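The following block contains the structure, expressed as structure tokens.
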Amino acid sequence: MTGNRSLIWDRVATGVFWILATFVVAVLGAIIVHFLLASIGTLSLEFLTSSPSRTELGGVGPIIWNSFYILVLTLLITVPLGTIGGIYMAEYAGDGRIPNLIRLSQELISSVPSIVVGLFGLALFVIAFGWSFSALSGAMALTVFNLPLMMRLSEQAMRAVPQDERDASLALGASKWQTIHHVVLPLAIPGIVTGIILTAGRIFGEAAALIFTAGLSTPSNYDFTNFNLADPRSPWSPFHSATTLSVYIWKLNSEGLGSYVRQIADASSAILIIAVLLFNLGARLLGRTLQRRSTGSR
Amino acid sequence: MAVASTTQRTESLTGSQSALGRLDLPRRLTLLAAMIVILLVFLVLGFVAWNGTRIFFAGFGLADILSTTWAPTADPPQFGILPFIAGTVGVTAIAAVISTPLSVGLAIFMSEIAPRWARNIAQPAMEVFVGIPSVVWGWLGITILVPCLRTNLSWAGFNVGFSWFAGSLVLSLMILPTITSISYDVIASVPHEMRSGSVALGSTRWQTIRHVVLPAATTGIVTAIVLGMMRAAGEALAVQMVIGNRPVMPTGLADPLTTLTSQITLDMGNTVAGEPWNEALWTMGLVLLLISFAFVLFVRRLSRRNSYQ
Amino acid sequence: MMSMENEMAIAQPVAKPVPQSATPPIGIQVEVRPEATESVAGNETRIAVRDLSVYYGAKRAVREVTLDIPANAVTAFIGPSGCGKSTILRCFDRMNDLIPSARIEGQIVLNGQDIYAPNVLPVEVRRRVGLVFQRPNPFPMTIFDNVAYGPRRHGQGDKKALEELVERSLQRAALWDEVKDDYKKKSGLALSGGQQQRLCIARTLATEPDVILMDEPASSLDPISTLKIEDLIHELRERYTIVIVTHNMQQASRVSQMTAFFTVGEDRAGYLVEFSPTAAIFTKPKEQLTEDYVSGRFG
């Protein structure tokens, strides 16, 4: 019977899909578990806070500082600009030539490989602007591909706000900008915040664009009492050379020096993976909380 | 009859020119912010094109660059970048071949088969998957994948270590969430009536997937694969860490080779601006940039064709 | 366009209600309430519409409508779907500006000013002309913030004045008694559908408009909530000029003094068939088309 055969094939196909999905999720789970296990014995509060060392295990304290420093600096630049640009794309842009050119540009910039962004940053920020290998150069390079992303995310968040809300505000005599400011933006904030956190995860793990912009020097002995922002030796200065955690893993591997390379790289990878998990979890929880608060209790 | 209790308002409804201008100000300011993206495209393209074409003014012709010999320290030095282009194409293609069945299958599973709880696991899993940084993939490749390939494939006579295959394998995992999530969106958006139409005719779920859902989603799935390949072609560190970095034309899946991104990553720090070696690396960057832009334009064409249907 | 003075001069002296014949001449039994027989012929004209045509792109949606909306009365727009009654309503506060392809010809004169004159600010028009939507759409804020939204945008910064205004608006919208205990904490979305619609009316009242437009305000509500809204419309008529679009003829007859009947022409554009006192529309319409429609033979 053909009917019977097609039923059997249906069963087989269903089984194959289940196996496939289980396999992929299991691979992901295995990767996470692997790094968590591999970092046991290395990952400790001391590892997280102390400086790298040539002879002992040392730590990654200053490097984590740099990762967060560059993250915050990048967000400070991209979140306001991206949100404002997103407002234009969601609320003002129609189907004209300039909006279409902006959309094409967003896609083009998002497609540029991060290593090429790194080259661009090297030529423009490091050399032409004379910022040398610094947190600022790195953050600007990351801005190049994070800005269109942020713009897109905030545009989507604002487009998800029902037209009803805008109409209600406009019908009450509010101007378009008042409507955006007091109705659309507040309603879009949960979506924008979720977007920010997810892009933050990407910035945190990025390496290729930073190798030639933020620098490769191994930082040690950061003096956190030095608040002179113009002094490249101050960890607070945007001009300090800022190796991030991802770049550090790559550097350890390519230099292959020291007897603790394996432990340090495993533990650093574990930190990065935990960060990714936290960023994802944070985005979900915060997005949900803000959503609940902004729509009120039912 | 009714009492006119509202006093008739006589204030003007009109606004001065400056009031009209004020109302238009937010649009202009936000437009300015949005146009930064256009500026970025011109800046990136300009800088990379400027630096990437300089080697042609340093006494090297197109034939020298499009040769298969890369010998920057020889006398005279040779800067053929074909091995890198071939390497990038080869590694990307094999990665797509490995990743496509897995990701499209997973997308079908998530959209058509998975019960709610399974989807609630798979979807966040994809988000975490896409977030794993590329150095972590590279490090995983070095410490787990390459040793694993060595021990498990050596009995068959293969000596697979740092190789084309290892690079493609790592890349295939990296692009899996990209292809999966885009394919999932496309498959899930196939109208419900098409499915119920097929099911009502007595088709099984698998028949419906094969003959109704997949054909309807083909263009979108191709777009997803192209976007995945775009990510693979531009990926630098993970590939560089496992591929062996031998600047020759690809010979076999088990042999080491190199890609555009790997070579830039490795050599950029060893060269000085102004020397031909450095300029050749910029030329490779330009090639990468043009490949990416070509992918974008191709995807745009695909989606435009899709919207006509 | 006629100037306001001319309008006033032409206006007839207050006439007594025309006595109604005991049996309506046509099949459908529409209860005609006393309000419907009340003449508003003496009221000044609040909105004068002259040869209004509305286009979406090249398509004409509304053709050459001319009518005078009397002040302090309820005017109902009825007609089959597609006749453009909502479109015309939305022209009165320039909400159709939000549709990029929309364009109008003719004039709409509010209190003697052409609201489509080149230098008119739509924002100013919308302050004077409120709009209540088909589906209640309170903002996801507290009830207080919902009502205070308009005044705040118009620069009302004085806290005490704002509180008074909110309270007065909620009272006028007949919502005050139901929400007075927690209106500063409770979300507008936590109210029932009928309460939400009254909140939307209160929100509109707080901007102190001259005219309130209502686009099928009760179509998504249950019968009891609908009656409450209709009672509210009765009361609001004292202070405001109200234009209501409704698909429900009983509702038109219950709440309005004037009724405009629109239909769709062969060119698929809506046009005005008859504009008369409500009682006349439902009992002895001038036009055969109106009679067919109100008697249920059409649409």
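For reference, chains read A, B and C in written order, and residue numbers begin at 1 within each chain.
Note that a contact is a pair of C-beta atoms (placed from the backbone, for glycine too) under 8 Å apart; a residue touches a chain by one contact, two chains touch by 3 or more.
Just so it is clear, the model here is predicted, and its values are computed rather than measured.
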| item | value |
| --- | --- |
| Touch graph components, with subunit B removed from consideration | one piece |
| Chain pair with the higher count of C-beta pairs in contact (A-B, A-C) | A-B |
| Chain closest to the assembly centre - both centres taken as Cα means | A |
| Averaged-CA centre spacing for the pair subunit C and subunit B, given as whole angstrom | 55 |
| Length of the line joining the C-alpha centres of subunit A and subunit C, rounded to whole Å | 51 |
| Separation of subunit A from subunit B, taking each centre as the mean of its C-alpha atoms, in whole Å | 17 |
| Contacts with 2+ other chains: residues of subunit A | 175 |
| Subunit B: positions in contact with at least two other chains | 23 |
| Per-residue multi-chain contacts in subunit C, two or more chains | 123-124, 128 |
| Contact footprint of subunit B on subunit A as seen in their complex | 6-7, 9-10, 12-14, 16-18, 20-21, 24-25, 27-28, 31-32, 34-35, 81, 84-89, 91-93, 98, 101-102, 104-109, 111-117, 119-120, 122-124, 127, 144, 147-148, 151, 175-177, 180, 198, 201-202, 204-208, 211-212, 216, 246-247, 249-250, 253-254, 262, 265-266, 269, 272-273, 276-277, 279-280, 284 |
| In the complex with subunit B, residue positions of subunit C that touch it | 14, 38-40, 42-44, 71-73, 110-113, 115, 117, 119-121, 123-125, 128, 210, 237-241 |
| In the complex, subunit B residues that touch subunit C | 1-6, 8-10, 12-17, 19-20, 23 |
| Interface residues, subunit C side, partner subunit A - complex | 93, 95, 98, 100, 123-124, 126-128, 130-131, 133, 135, 137-142, 149-150, 153-154, 186-190, 200, 203-204, 207 |
| Subunit A residues touching subunit C - in the complex, by the definition given at the top | 94, 162, 164-165, 167-175, 178, 182-183, 187, 294-298 |
